[in-house]
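Two complexes come next, and they have one chain in common, chain A, joined by chain B in the first and chain C in the second.
For the complex of A and B:
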């Protein structure tokens, strides 16, 4: 059976009202039936009492003049009242003077005679009534035994009437409560529907209909007030949001414009610088080759320095161009075997003709990555050659390459046992032209790690480094672990 | 009754010897029988007048005397002597009629008959019925007699015997002619005579 609180208020209201009406009418009907039965009995008894009295008064002279026959004849007249079963007249000495038994009725042994007798109580079908005959002196007693004729029929008819009333009142209660409960439940249901609709659609502009000043009316008003507040707050929020987005998009536009201008500027500068540097380099070479015999030792050294710096500048311009080129390039991502790529790069480095030291490569497990292979090759090359470069002065340079999976990303790392760096400069590592070492010890343009940073950022990953002066450095970058 | 006595007698027989004692017993028994047969009429007479006196007293409940008598006595007169007088005097000692004292008077001669509410004429009346009726006519006197045919002759109520039971005849005309009113309840019990 369903729990009471799960039954709808509509049904519960009807049930309560019908049950109340039922109980009230049931009590009334019960009282009505019992009262009527009692009334019926009382009437029967009192009518028999009157008969007994009449018989007694009429019997008085027959007793006085000892006329049994007259008394019997008189008692015979009781025939006209079929509910009287037996009757007796007892004289003052307690002897039966005359008696009457209804035809077909057994002779009834009347109780102790001559004494004061009370009307028999109880719900029995038959009862006794008596009358003391007194005419100056006590003459005798009349006792009648009568039955409640039609007793069962009358009870049945009363019960039938009571049942009819009960049924009729139930129907009326049902109709009234069905009509009446609408004034409560319909409004409650419309409030519930409005609440559901607001919750489902998120449309805070709808309102619950308001009718009446009762609890439901108050609830509807409060609910509407709440909706007002929510709607107002939401409108404010939406406006603020739109304004913010507008500002962000404007800023982004400005930033992109500025960035493009900057890139175009650096590209054109680099490009335009190439020609003069090449000229310097060319003329310095002509000076060395064609006029080498005419120059003294000092002039040859200076010309050599000019050549070296011109070359370096050329390299610097090339790197810059590559860097700015990266910014404009689109990524062509696919699933790439990092292991193959790293092994290839390491072999290339080992086979380089100008190699001055023998670096040991330790290559661990490197999972596949979804990335642009061209730019990623650049990243690995830069990181591994950096590691080789900064560890080449060690007695046994070791470069360790590996990866680990953490959450949603794969973290690749390149670790060396070279010179390392001071952690307080860690923020400067990935900036363009930022160098922690002098050219005298390690050559470089300071663009390599900037390229790494730019590529990984474009891939949505992160780049960071750990290191200690004289104890080597580790460079990390992360990529999204999900393949395509 | 005789059976009981016979049984007692038989018991006595066993106690006494046969012979003379049988004779004594027989004679005793005869004596007893005799005494019984002598006593019975007297007893019956007593009972009869006892009942008649009671009836007369009870008639007063059912008869209305039209003219209220000025004195405070309710007079029941008896013509000549009758055993009923003894019984009526007994009743008069304790009872009253309509809050009046009951007085019993005996009238031996026609001239003696004075005003009375009830006048009883015994079977052996010393005065002729016609004379009595003539004397009391219209004076509010209820004449009660006890001789067959008297009711027809003009008395108000006449005692008769039917099947060994005491009954009474009533002459409704006679009663109303005397200026009295008999209740219907009484008349119902009476044998009505015209």
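For the complex of A and C:
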């Protein structure tokens, strides 16, 4: 069953008005019915009082002359009034002087003296009336017992009338309230419709119609004010959005242009810087080959330095280009067997012809990872060859490679027992061209770890390191654990 | 001049004198530089191959066995030369090796589209450069069978 609050205001208003009218008319009708019943009874009682008085006045001489028969005869005349059931005349001593009983009516036992007799009232169907007979002296009492004839019929007819009035007033109330509620609900409904329309279309320019200064009028005005504000705010917001979008597209354009310029720049760097380096390298080599016998020790050393530096310059250019290339490269992610990749890289390092050290590789369990295999191979190669490089001076170099799963991440690590580093420089490790060792001890350009950092960042992972001078270093990187 | 344009087996088109010298030295060391002609830009190369301009009168049928072409050259670049060679029925069968300084180059795709026979990035380190040139010369002059 629907709750009261779910019934429409329109219906509720009608119900309230009809109920109010019903209760008011019901109270009126009840009062009217009771009042009329009382009036009916009062009239009956007073008419019987008059009869008692007439009987009493006429009975006075019969009591004075002790003429019982005359008194009885007179009482018999009451036959003409069928509502009188019993009658008695009691003398001043309280003895019954004469009595009358309506035919078929039982003998009624009247109270002994008329002295305490009061006219009996109340809702009973029968009642008693009395008259004190006085002719200079108190002579006796006349008591009549009568019934309220047609009592039920009269009550019934009054109730019928009351019901008719009630029904008529309900119909009238219904008609009036149906007409009257329109002045409230029609406006309320139009406000509701406007609200619905605004909510549905998002068109804040529509307004609720305003009529009257009552609560609905105030509500409509407030609602319109609110719409004004929303429309205003929305307009401001739209303008700001458009401006932002415009700015973003301009920035994107600038970025694209900068990117293109950068590409052109790195292309020309790779092209134009390499050529002179190749020439320096080549001609120094030719000098060594063709004129080696004519050069003394110092000249040979100087030429060697030129060669070494030219070579390093070439390496720098290549590394830098590789680094800048990474930023623009798209990742082609798939599920990659890290174990296979690492084993392959370690084998390659072991088989390198210029290799001087005898590093022992300990490879643990390496879970699959969802990543770009090309750049991840670069990461592993850089980390493992770093580990090999910085541990090559140890008597028994060991490089340990493993992984552990923590929460949503897999953390891979490469650990060596090499030269290590001071933890206070740890934040310099992953910067471009940042080196913690001199070229004399360990060669390098300072790009390898920067590449590792960039690749892992692009994968959404983290890189970090732990180390101790002389005892080795561990490099960690994390990747998301979820495969595709 | 005449002696130089007769019996050309390797045509080296390279604007960088140093690179040219190093290339020629590498080939000479391996006895592969006989019949090598070095031209310093694309325009001259096209004139030579098609017997035009300063090379008017040279027979186009005397094809070199291989053309080694640098990409970045003033006026007429390597790609333009390649395009002309590969779009001409008379010259499209000559094997062309493109040499470039740049790994970054977007040209590699274009060159293969045009039908280049080999695309080589010059190594920076001289030893590697030397080896690369030597193996190129060895392959194209000795191993490879040229079109009749």
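Here is the rule we go by: the second predicted complex is superposed on the first by the 298 of 484 C-alpha atoms of A that agree within 3 Å, B and C clash if a C-alpha of one lies under 4 Å from a C-alpha of the other, contacts with A are read in each partner's own complex, and residues count from 1 in each chain.
FYI, a residue touches a chain if its C-beta (ideal position, glycine included) is under 8 Å from a C-beta of that chain, and two chains touch if they have at least 3 such contacts.
Given the structure is predicted, the values throughout are model-derived calculations rather than measurements.
Asker: Looking at the superposed three-chain arrangement on chain A, would you call chain B and chain C a clash or a fit?
Answerer: fit
Asker: Please indicate which partner A:169 is in contact with in the superposed arrangement: first for chain B, second for chain C, both, or neither.
Answerer: After superposition on chain A, A:169 lies in contact with neither partner.
Asker: Can A:141 be said to touch chain B (first), chain C (second), both, or neither?
Answerer: After superposition on chain A, A:141 lies in contact with neither partner.
Asker: Have a look at where A:445 lands relative to chain B and chain C in the superposition and call it first, second, both or neither.
Answerer: Neither partner.
Asker: According to the contact criterion defined above, which of chain B and chain C contacts more residues of chain A?
Answerer: Comparing touch counts on chain A for chain B and chain C gives C.
Asker: With both complexes overlaid on chain A, does A:86 touch chain B (first), chain C (second), both or neither?
Answerer: neither
Asker: Name the contact category of A:382: first (chain B only), second (chain C only), both, or neither.
Answerer: neither
Asker: Please give the nearest C-alpha separation between chain B and chain C in the three-chain superposition, to the whole Å.
Answerer: So the smallest C-alpha gap separating chain B from chain C comes to 154 Å.
Asker: By the touch definition above, which chain A residues appear in both interfaces, chain B in one complex and chain C in the other?
Answerer: Shared contact residues on chain A: none.
Asker: Quick one: which bits of chain A touch chain C in the complex? Just the residue numbers, please.
Answerer: These residues of chain A touch chain C: 266-267, 270-272, 274-279, 281-286, 311, 313-315, 317-318, 321, 325.
Asker: Report the residues of chain B in contact with chain A in the complex, numbered from low to high.
Answerer: Touch list, chain B to chain A: 51, 55, 58, 61-62, 165-168, 185-186, 188-189.
Asker: Which residues of chain A touch chain B in their complex?
Answerer: Interface residues on the chain A side: 58, 60-62, 64-67, 70, 135-136.
Asker: Sort out for me which residues of chain C touch chain A in the complex.
Answerer: Residues in contact with chain A: 16, 18-19, 22, 25, 72, 100-106, 122-127, 129-130.
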